Structures are given as structure tokens and as C-alpha cells.
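Here it is: the structure, laid out below.
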């Protein structure tokens, strides 16, 4: 019962709750939303225990939806998507709680959108039907568009529309590619189906079309990741979005791109994805992302922008890990995805807390505040250290695995990526210094409040995860290992066969 | 057979766990009850004493067994991914035994000293939290049974160093120094990281216990892979242990509290590189190039840093460059293959350098109080403001003299034996590879300079007329017992430390060497034994050089001629070059830091990101679309005539296309 | 139910919807003859019209329910599900337009009950046009529709813009009719018949695929229909006319007129010229040009009405893609898209009509600022409309677009599909600012939206459309089944299928 | 067999009608040119009818009805425009544009 | 036969020439009259093409009724005087001539084209007579015929709506 209903419940409950949020009085909205998101989290928690690592797709529910087109409502998770789902349900309550003070206008709308967004994000991660996946992929755009556009900063309109159109641009081409793929496979097998399992089982013979199809998928996902040079929507969106928006954006939305690569782009087009030139090209882009993102982050005057560019760098690691395609690198990539969600999420929370206090995101507006707000400073320090990958925190584990896994395949790339470790310290530490250290020379900073209990409640779970994953990631790694192994093997095998038969 | 009373070695985790617990408690206190100083002292010092006791017990237990292989205790799976199976495991062997004793022992003394030194500081609890945390990471570093676990400690100590250097973070210069230390260390850590990648690629494991036995089989001796591994590892060492070219952070690190300088930047953390080379002996043994690089860089650093130390006025900076120089000696030792000698020097250096730093701390403490009492804004660390302090602080002066003699290499103090052994080993190696004669010469020259600048430091600080100021002079006092106590203890160790490893030449048993033999034997490239005559000659030359340096200092320097810092004229010529540290910081700034920043800001961000990618590609496309739309809507003139013309054009096109 | 169209009784049965509508038209005309002075008279005429439309709908439904089919020799009028479904669509569009018009006409003081008569005649014309099995009927139906709509466009006699719109529409429409007529003449000359199925038969039996007369005729017919569907470059009238006409009429033009033209175009091309490949590259290029031009120029618009006008040009481009697919799937896609598009466009124009204070022509996109807070339901409806126009998942607009893409890709028109989605991206650049203005900009002054009034009938229309959009977006199965079962099955083609680049 | 010449004349008249529409700005004259185009089509129909049977002539009949209807509506529209603008010159009837 | 051809040629030239004058006269009244001339010529051509009934209709309906309407409106709007020309300038002229010329070239392809072989009924001399035209009009072509009635009705309603004085 639970195993069939849980994913649908995770999808449906937020929408129901969103309606509820719209109905209650304005001042209750946030509490209702928090309760709803906590319920969502509680629903998702048993996944952790009931998940069988070796069993492949689980919690599957498969219902007909649009039979005329061979479209079904198919949801399920495996070791790859499980943690994305959990990350989502974990971050949403925190985001809601973190918005309590930040969002002061039109609260009902905001919290309802947050919940709808949750539904969309989970939908992306659990869809096992390409149509359903596409629908979810697009649907989550709208709430995010509103969250940025309505509750964002000064240039929110620009950022919102840029975010929307950029993503829309990529995804629509993917839509065409999905269609062509299904039709191609359908013409060969006689069955037109959007089912992920069916499509992956009946690949082959796509011929040169595979290249174009892959290109469309690549564009959609690369924009979402975002990979250099498709990244410029990110700084704007991150900076303008309200705290919760930035957190969700960095924490979950970016992962959709990398998840898409793992779930779709690689298994569906193995021969293209592993074509040496393409592989090298993407790895190069990933490296550019790592180094370039870091270097540009280094000179940002805006704290949120800095974090945004650091996301580009971190996601570069993920891309490197995915494309190196060894067990370690893929698991490392998955772990970096989780870690980035936690660490960067926490960074955005902290940036938001600073903003709430001073109404400035500029690094230079602060300085020396560790003296007045020691708790906040301590949290910021720990999170920054996690973000630069200090061993013992979660950041290290993932990046280390990526590098270790990528090294046999791409030794030079791994070495270049390792310099990202240096660059990370070069952008975050100076920022940290300029925010919390240095002389307390601005009078308006002398009266800052330290963290309130609510803010502590937001940060503590994140900090706990930072240490936990840094010290004892084995439970996570063990749960994802069979899925990752299966992915690596099947993609490599498929690539080999298709290349051979070509 | 182990004694029945001894706890089992599976409890090894207690040793690092104690400081960690202390750090957590102190950290909580720092945030919750920053004024509870008694509790903080009790916890902070207590855990260290207990950790020392635990470490001692563990070492005793080890001594009972004296195994030929390390004892490894696995606690939990850390990174189990496919072939990679890294556990959180600790290992105890003879080498790490020495290290944990030094770390917890010297650490405990410095903790005690800190109780006095930091008494008035508002960040007292935070200070002890950091310091305990440092000890935890240092112990993890030396006890880790695999490269990744060691790396946790390796970066962890860097973190603590960062936090402690910038402890008084409201001064920008302190925060800068901390940041610089971290970033420079990171550059080194990059080397460590890459070395790990290479090791895993070629041996399939990262556990010491698996890698070293496989090393000789996996790597052909002198092959490119093992050379790359050793060079990358050594890059890590140059960062952590402040060797050329990454030494520049260490002198700046003196911005931290003086006990921190003693513990982290003299006695323990900076020696981690030496420990790493010793630990990875089996790898370095396979790579002559790697070893030679280690030795050469070590020798060069020893000499180079010593030259800079000649002209520094800041008492702690002198000591900092001295540390860099002494670390160079250690690398010369381990690079030569004389691991025991290197570790020996590491140990003795920990004693006398900690003593020197704490002594200087005591001096600074006194100076600071004096200036504080009169509200003067003079530099409490500038030797030109000191002079004649021996009168006011006799204990400190006496103890520091002992340490000075030790570092200069005057027998029979600890430094004499260890330094002598390194130089001897280097000279002996010269017989096989003549390059080592050069290294030896450099080491000897450095010894001369060491004796000189240390004597200079003592002369300017403790002797001659006092330049502190008339009113301040009355405020100068000896430090409280809680501070002088550790000084005394270190003084004793400085005097007696040489006994650990008296070479057979002087009739000693070379006990440390024997103790370390299970670790170092696998690694050692045996150096040819020098004849006793040569050995004696070497000893004589070393002592002579040390004496020469000291006498020279006495002869050349005129403490009476000094004026206080604010009246002093700027130095000129070579002196200025040395005072400015050969302008290396400025050089790095000009060729690395600023170009990178410029590239990032002016090229990557402003041009590539804003103009090219965002401006041209993204917004450009949008603007072009809008422009296109605008042009199109201009065609919509509202006049039917135009519409008709277009219509007919369309007709012509359609009909033309149909008929073709 | 098989109807022998040579017998008068069966012919009358087959034409039952048209006859019903004719009767209704007469009735309304009689009513207006006596009562044409007050708003109440107007309402009476409106309700009678609505009754007539419903009656027509019942007649269509009756035929559809009995699965009426023509038997016997080729006839003037088609009796197939495609006709019934399109008829239903026209009737629904007309009915909704009537509902929207109630308030509009009274508010604008347009006490012209003949409005409803013309609406009925126009609808009748569409039904004949889309159901015509003979070029003659198609042409006459088209003229009946056009003549009525010319007048409807200019029915607001106090408005210079409306008069100008009517004139432009009329002149260019007559001009285009000339081409269409000449084309029909040539087709007739080449094939000796004007009956669609017989044309196809003649083309086959006389192997006329290369005949210049037939081809030129085909080209000119395409031009004529291209004008009616507002395909680039025959679209120039559309923005001006849509802009100048009274808003409910604009909505009607943008939906029903366009739908009728597309239905007829598809029927003519597939039934009569299914065996001629020459028109496919033309439609291909027309589709591309229409999508590109419509979307890009819409980007440069500031007023909502003109933006919607260009957007409707762009949508014609999408529909042309379905035509270019020229397959059973294309036909189904056309129907599904037309259905979704009609719903959304009618709702959008109804909402726009509600905005008009001093003439809805002048409502700039920025004038909607703050509507989201002041009139949340109105704004929500408009937002859903915009998303549906954009083709966003969860709305019927997406289903329609998806279907067109399916049809295009099935016909191996991948490039066309790609152009379709890329131009859709462009369209986000003008649909989103509407949402943006409503929700993300503060209202410019306190009473900015005080004049916004949506009458009850219009509100019902909007609500029904929006709910329909959302429901069909999530659960499109009934629509799809209807579209699939009513699609025209093109005759097996001898010539090579693929065209385009 | 006059089909060929008749079609040529028809084409010429049609082209002249189009030319007239292209050349003139007076709405009424343009409309007259459109009538010319319709008549060209009629000529073609009649010419075809000579060969193919009476259907073509019937079509001409319908076209005349259409022309009459269009004339009625069209002239009414032109009147309406004239009432607003006091001109039928299309150059000056360009309120709607952009 | 030859006489028919000559007559045909004459009326064809007349039709084309009047059409040319119709589109080039500055005065709308003149244009209208030249158009009437064209229509008359066409009626003659219709006769020559065996469509007598249609020819009569052409004169009665087209030239008689429709063109009168045109003239009436021209007069009503007081456009009878030769005002400033409404012909376009040289550019418009060039473009127009070019486009129309191209169209003519394209259409003249038709000259060589023969009609479909085997139409339903071959031409007879009876063809153009009233019964032959009228019978199918009320049988086979009943539906379109009725549509024309609706069309005219709609046009009347429309014209009334647009042109009546009061709303």
C-alpha cells in the first residue's frame, strides 16, 4: 500500500495543501504551509528505510493516462532519484520556515506556490514516462517564475523572464526530441510508448538522428545545470529570488539538469554520449564551469551572486563526474548534487538572513559582524567550509569521489578540476572575511540581531547534514551504489554495442 | 605480550576524541557562556592532559608489542564505493607514536601557557575551542590509516590555523594573514589531492597498509608515476610546512596569538609535511628525483629563510623565519633518506622552538601590558622597543638562552644532535650523489646564520639598554607561574631532548632510530657510513660554525646603537632587501595574485560573462528578436497599398513555386 | 444513417443544422424588424440567437449521434464527422461570442440587433464552407461568412477605427476572393469538375499532377485561403482589422473565421489535392513564415489587442504545420488545436473586452499592472489564457501544440517541429509580460482597475473556457478521442510523401 | 476553339485588375478593379463551359450574385468610412498600423 | 468560324483596352464608365462562347445594376470631379507594373493548356439557353443557389446596418 501510494501522495499532497493555504487567513498561511511541508517530509522519510538498494525501480505506480498517445502515469524511484526526492522534501520545510520573516506580502500566494513547486520538483524526479517528465519539468517553471517575479529584488522582472525563457527554450527542443525518439522507436517496434523502461529497452538503430536528439536533450539539461556558456540566467535568478526561491533553485532545480543527464541523456543515447569528441567537449565545458565559475565568483561584489557562480563551479564537478562515467565518479556526482543542495541552500539561507538584517546583499556592506552575531558567523563559517570542500564536511566527500572516479578516464581533466579546490578557497574565504571578519567599521552593523530560534531551527538540520554526510556518507553511498553501477555498466555496454553495429 | 593493565588499542579513538570533545564543549561555551573561563580552562587543558595520558598509554602498549607493521583499527566505513573502500581507521606505529606524544605533550604545555597568556581575552572560550580542535585534527593527521583520513587532519589543521591566525579578526591584517595561510595551504593540498588520485589509479587503494607494500611492485623505481606522486605529495608538504615556494604564509601567520605560533606554526602542524614524507618513505625511496627535490628544496629553504631572519625586527618574525629554516633542515634530512634524523630534529625543534615562541610570548605579554598600562601605541613585538629585558624577566631570558644555544647547535643541547645528524647524513649522501655536498654546504651556511640571528635576537631583546620607554619600563614584569611553568618544562626537554637519539659516535644508543626502524627501514635508502674521522670533522665544523655565528653576532652587533622603532631610519641596500624578505610577497602579488584577479574581474567577468555570454549571446538574441519585430511592425504601415504589394509578391511566389 | 443526397428529404436532413440556423436567422431578423430600439430588445435578439445556435447544435449532434454518412453520387455537402465537429466548434464559438456580446454591446451603446443576424449568417457561412464538398459551396459559404463579417467588423459606426478595419478587410478580402475564384476557375478548367472528390479522381485518372492549369489553380486557391487564415504574407490585414473591430467580433474572427478557413482549407487540400504534392512545400514555407513573422512582430507590440492579433497570426502558423503534415494525425491535430485555441482566444478577448474603459484598443500591456491584486480571478483567468496560448503543459494549449508536433514528426517534418517550438519560445517574450504586468508590477494609481467590468454572461464564458482549458490540459482524452474519430483520412497517395527541406 | 485566346484575354484582364489594385488609392476604383478580376474569372468559366458543360456558366451566375452582394456591402462600408474621414483615399486611411 | 474569331478578337481588344483605360483614368466616373465598356465587351465575348443567357445577365446585372450602384456612390460622395490623382507615383507604378506583368507572364502559361478531356457534357449550341442553365440551377445546384439567396440577404442586412442614418 505504502509502496504504491507514496510517490503519488508526495505529488498530490502539496497541491491539495496549496489549495488549503489559499483558503486560510493570510496570517495563518505560513503555518499551514509549514505543517503541510512537514507532513510531506514525514511521508517521504520511510522511503529511506523501505528502499531496497538492489531492487532497481521501486514504489512504482503505473496507470494509463492518455492511451491515445501511449502515455502513462508511471512513477518510481531508484537509487539515483531517491535522494533527489528526499532532498526536495527536506529542503522545502526549511525554505518555508526560512521565509517566515522574509515574505511579508501576499503570503498565501507565496506559500501556495512553494507547495506547488514541491509537487513539480518531485514529479520531475519520479517520472518514468517521458511525457509526464516533460510536463513536470515545465510545470515547475511557473511557480518559480512567480516566486522570483513577485517576491524578488529590484530587477526581478528581468530575472524572472530570463529564467523562464531560457529554460523554456531548452525544454521545448527536448519536447521535439522526445517525440521523435518515441516515433522512431515506435516505428521499429510497432508500439508507441513514452515509457522510460520501454524506450531504454528498445534503443538502437536511431542512427545519425541520435546525435540531434541528444543535442536537444543536452541543451535542455545543460541550461538547467547550468553549464558554461548557458549559465547567465543563474546569477540573475539567484540574486533576485527571495531566500526560499534561491534555496530551492540552487538546492533542487539545478539538480534537475544533472539528474536529466543521468536519467535520460546518457541511457537513451549512450553511443552519442560516449562518443569521444562529445564526451571530451562536455568534460571541457564542465572544467570551464569549475574554473571559470570560481574565478568569476571571486570578483563578485554581491554575496548572492558569488554563491550563484560558485554553483556553476560545483555543478561543473557533477558534470565531470557524470561524464567520466565510472562508479566512483557517478556516485560522487550524485553526492555532490546532494551536498550542493545542502551547502548552497544553507549559504542562501544565511545570505537571506543577512539581507533581512541589513537590506543589502553587498559583501562590503558588512564586516566584522562575527563580533555581534557569533552564531550566524559560526554557521556561515561552517557552511562556507563545507562549500569549499573541507575534508570532514560533506563537500569534500563528493568532490573527492568525483575526482577519484574521473581520474582514470580523464587524468588531465581531473587535475584541472582539482585546482577548483584552490579556487573555491580563493572566492569564499575572502568573502567570508569581508563579511564576518575585518574591522566592524559600519555603525549600522553594530546592532544586528543574532540568529533567532526560528533561524536556528532552519540552519541546524542543514549543519547536521553537513557533518553527517562528511563523516558517515556510507548509508547514502550504499543505497545509490547498485543504481549507479547499473547505469554505468548499461551505458558503457550499450555504447559499445551501438558503436560496434554502426 | 601486552601488560594486562593496559587498555586495548581499539580504544585508540580516545586520543583524538578527547580534544574533539573539549572543542565541542568549549565551542558551546563560547557561544552560550563566554565568561565561564574557569570551566573553559578546566576543559581545555584537561582534555589535553588526558589525551597525553592516553597517548602515553597507547605508546607504552605499542612498545610492549613493538610490531613490525602498524596496528590498524577500523571504526566505520567512510567511502565505500566499488573498489574504493576507505574506512575511518586509525593506525598506530612507531612514527605516529612519536608524533602523538609530541603533539599531546607539547600541546598540553602550550595549553597551560595559554591559560595565562589569554586570560584577559574576550574570546577565551573560542580560543580554547579552536586550540582543542586543532589538536584533534593533528592527531587525526598522524593517526589516520589512509591518505583520505590523513587528509581530513591535514586540511583540518589548516582550518584551525586559519581560525587561530585570524583569531583577532577585527584587525584586517590578521584576517588577511589567516586567509593567506589557508589559500596557500590549499595550493599545497591540491598536490596532496592529485597525489592521492595517482596513487589510487595505480594501486587501487588509499590505505597505507595496502599502498606501501604494493608500491615497489606497482611502480618501477624512478619511474614517472612515482616521481609524479612524490612531487605532488611534496607540493602538499611545501604548503603545509612552509617551504619554498609556498612558505610566505608562515611569517604572516605570526599575527595569531603567540601560543598558537608556538603550537601550530612551530611545534606541530608545520612539521606535518616532514611527517608525510617520512610516512610515505616507501614511495620516496622509489623516486630519486623526488627525494633530491625534497632535500634540495629543504636546504635552499633553510638558507634562504635564514637570510631573511637576519634583518627582521619583529621578534616573532625572526622566529617564524627561523622555523621555516629549521623545517628546511628537516626536509633535508628526510629527503636524504635519514628519516629518523628528520623526525629527531622535528622532535627537538618542537621543544626548543616552542620554548622560544612561548618565551617571546612572555616578552610580548610583558611589553603589551606595559604599553597597555600607559596607553602607548607602540609595537610590542619590535625588538627595537625592547632591550635589557633580562633584568625584568630573568626566567624567561635564561630559558630562551638555553633554547637559543640549542637551535644554534651548541652541544650537548638537543638541537646539536639532531642538526648534526642531518648534516652528517647529507654529507654522507654526497659520496653517492655529489649534489648533496651542495645541500650540506647550504645547511652549514644556514647553521652559521642561525647562530647569528638567534644571538642577535637575544642581544637586542634581553641585553643592552632598555628602549621601551621611561614610564613603561616600570610596568615590565616577569610572567605569572602558569606561563613560566611550561617554559621550564620545555627548557628541561630542550636540554635533555638530545638524549633521545644520541648517535653511536658519542656512545649513545640511537634509540629513536631503533624505535623508528620498523617504519623507516622499509623506506631507507641506505647512506654509506662515514668514517669516524669524517664524522668527527663534520661535528667539529658544525660546532665551529655555530660558535662563529654567535661570536660574530656579539662582535658585530651594537645593541646600544639601536633606537626605538618609531625613530628608526629605514634600512638601505642589502639590509632593506632582507628586511623586505627579498620582495617575494610583492613578486607573488605581482605575478600571481593580481593577474588572476585582473583576469577574473576585467576579462572573465566583465568581458566574457557580462558582455560576451550574457550581453551578446543572451540579451543580444533577445534584443535582436525585438529589433526584428520592430522592423516587421514598421512594415505594417497601415496603408492598404503596401499590403497589396506584399500580397501580390506572395501570389507570385506561390504560383512560381507551384509551376516551377 | 446513410443519406442519399439526391433525394430532397435526405438532403434536408443532411442540411438540418444549416436549415435550423437559416430559420433562426430569419426569426431574429423578424424580431429585429420590430424591436430595435432598446437594450432590452438587444437582449431578446441575443437570446433568440442563442436559442437558434443551440438548436443548430442539437441538429448537428443529432446527425453525429446517428453517424450520418452520405451515400450515392458525389454531392454538394459533406456528411462526415469532420463536418459535424467543426460545425459544433463554429456554433460553440458563435454562442460564446453572443454571450460575451451582451454586455459589450450595451456598454458601448451598440443598439444594433442586426449584429446577431449577421453573426448567425456568418456562422452559417462557415458551416457551409467547412462542410462544402464542392468548390462552389465552399466559395459561396466563404463569401457568406465574409460579407457578414465585413459588416460585423464595421458595425460600430461611431468608430473610425472600426470603419477603417471594415474597409481594409473588405477590400483585401474581395481582392483575395478574386484570386480564389480565378483559382477555382482554373481547377475547374483542368478537371472539369468542382466537386472535391471528383477533382481527386480526375487528377488520378487524367494524371494531372504536372498540369500547369491545375497547379496554378491550386496555387491561387491556396492564396485565397491563405488570406482567410492570415498566413504570411497574406496576413497584413489581420492585425489592423483585429485591432479596429469591436473586441467580441475580433474574438469571433480570430477563432471561428479562422477555424472555418482552416477546416475548409484542409478539406480541399486533402480531399481534392491529396494526390498533388506541389502544395506541400508552399504550405511548409507559409507555415514557417507565418510562425516567424507573427511571433516576432507580436514581440514589438505594446497594446494587448494588437499583441493578441499578431499572436493569432502566429497560431495560424502552428495550424499550418498541421496542414503541412497532411495526414490523418494532422487532421486530428488541427481539430484538437482549433478547439483549444478557440477556447483560449475567446476567453482572452472576452477578458480584454472587460478591460475597455475608453476603448479596449488602447489597453497597453502595462495598463494591466496590479490587476492580480485588484481583480484576482480576472487576472488568474487571463494568466491561464496566456499560458495556454504559450502552449504550457497543464493547459489545453499544450495538448493542441503537442498534437501538432506529433503530426509533424510523424510526417517526418522534424525541422518544422523544431521551428514551431523555437518560435514558441519567442512567444513567451510577449505572453509573459502580460502575466508579469498583472502580478509583478504595482498598479499605477489607486483606481486603475475600477472600470474593469465583466458581465455575468461573459464571466460564465470566461470561467467555462478557463476550466475547460485546465481540465483538457490534464485530462485531454475526450478531446483527443473526438479529434481522432473525426479526422479526415486522406486518400492513399501515390506520390512520394516527404517534402520540406 | 476559342479557349486559348479566351484564357489569354482572361489572364490579361485579371492582370489588369491586379495592376489597378496596385496602382490606385481610391477605394472605389480599387473595388472596381476587383470587379474586373471577378469578370476575368467569369470569362475563364464561360470559356471552360463551352468545352466542359454548363456548370461553368452556373458558376458565373453565382459569381454575379456574389459580386452584387459584395458591391452592396462594400459600398456601404466605403460610405461609412467616408463619413468618418471625408475621403476614400487609402493613403489617408491608416489609423491602424504597427 | 473565321467571323467568330475576328469578332472575338475585336471584342477582346476592346475589353482589354477599356480595362486599361478603366484602371488609369484619374476621374472615378470615367473609370466606372470604362469598366462598363469592358463589361459590355465581355458580354459580347460570352455570346461568342455560347453563353447567351449569361451574356444577358452580364448586361442586366453587372453593367446595369452593379455599376449603377458604383456610379451612384461616386456621385454621392462627390468624387465626380477630377481631383488630385489617386494613381501612385513612379515607384508605385514601377512596382505595380512589374508585379502585374510577372503575374501575367505566369498566367499566360495557361494559353497553351487545354481543358480537361471528357467533361460531363460536351458543348452544344443549346448550352447557353435559359432552360439548360436554369434546370441544374434548381436541381443539382440547388444548395449553392440557396446560399446565394442567403448571401444577398446578408448583404442587404449588412448594407442597411452600415448605411442607415440612425442607429
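Labels for the chains are A, B, C, D and E, by order of writing; each one numbers its residues from 1.
Rule of thumb we're sticking to: a contact is a pair of C-beta atoms (placed from the backbone, for glycine too) under 8 Å apart; a residue touches a chain by one contact, two chains touch by 3 or more.
It should be emphasised that the depicted structure is a prediction, and the values quoted were computed from it without experimental measurement.
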| item | value |
| --- | --- |
| Contact-graph distance - origin chain A, target chain E | 2 |
| Partner chains that chain B and chain E have in common | C, D |
| Among all chain pairs, the one with the most C-beta contacts | D-E |
| Chain whose mean Cα position lies farthest from chain E | B |
| Distance between chain centroids, defined by C-alpha means - chain D, chain E (Å) | 7 |
| Length of the line joining the C-alpha centres of chain A and chain B, rounded to whole Å | 38 |
| Whole-Å gap separating chain C and chain D, where each centre is the average of the chain's CA atoms | 26 |
| Whole-Å gap between the CA centroids of chain A and chain C | 43 |
| Chain D residues counted as touching two or more neighbouring chains | 7, 14, 17-18, 21-22, 25, 30-31, 47-48, 52-53, 55, 58, 62, 66, 69-70, 73, 76-78, 80, 90, 93-98 |
| Where chain E touches two or more other chains at once, by residue number | 88, 92, 95-96, 99-100, 103, 106-107, 109-110, 113, 115-116, 119-120, 141, 144, 148, 151, 154-155, 158-159, 162 |
| Junction residues of chain C, two or more chains touched | 136, 140, 143, 147, 150-151, 154, 157, 166, 168, 171, 175, 179, 186, 189, 192-193, 212, 216, 239-240, 301, 429 |
| Complete list of chain pairs which touch one another | A-B, A-C, B-C, B-D, B-E, C-D, C-E, D-E |
| In the complex with chain D, residue positions of chain B that touch it | 633-634, 636-641, 644-645, 648 |
| Parts of chain C lying in touch with chain D, wherever the complex brings them together | 136, 139-140, 143, 147, 150-151, 154, 157, 160-161, 163-168, 170-171, 174-175, 177-179, 181-182, 184-186, 188-189, 192-194, 239-241, 243-244, 301, 306 |
| Chain E residues touching chain C - in the complex, by the definition given at the top | 106-107, 109-110, 113, 115-120, 140-144, 147-148, 150-151, 153-155, 157-162, 167 |
| Residues of chain B that touch chain A when the two form their complex | 27, 30-31, 76-84, 88, 148, 151-152, 154-156, 159, 162, 166, 169-172, 175-176, 178-179, 182-183, 186-187, 189-190, 193-194, 196-198, 200-201, 596-597, 599-601, 604-605, 608-609, 613-614, 617-618, 622 |
| Contacting residues of chain C [partner chain A, same complex] | 373, 387, 392-394, 398, 402, 405-406, 409-410, 414, 417-418, 421-422, 424-425, 428-429, 432-433, 436, 439-441, 476-477, 480-481, 484 |
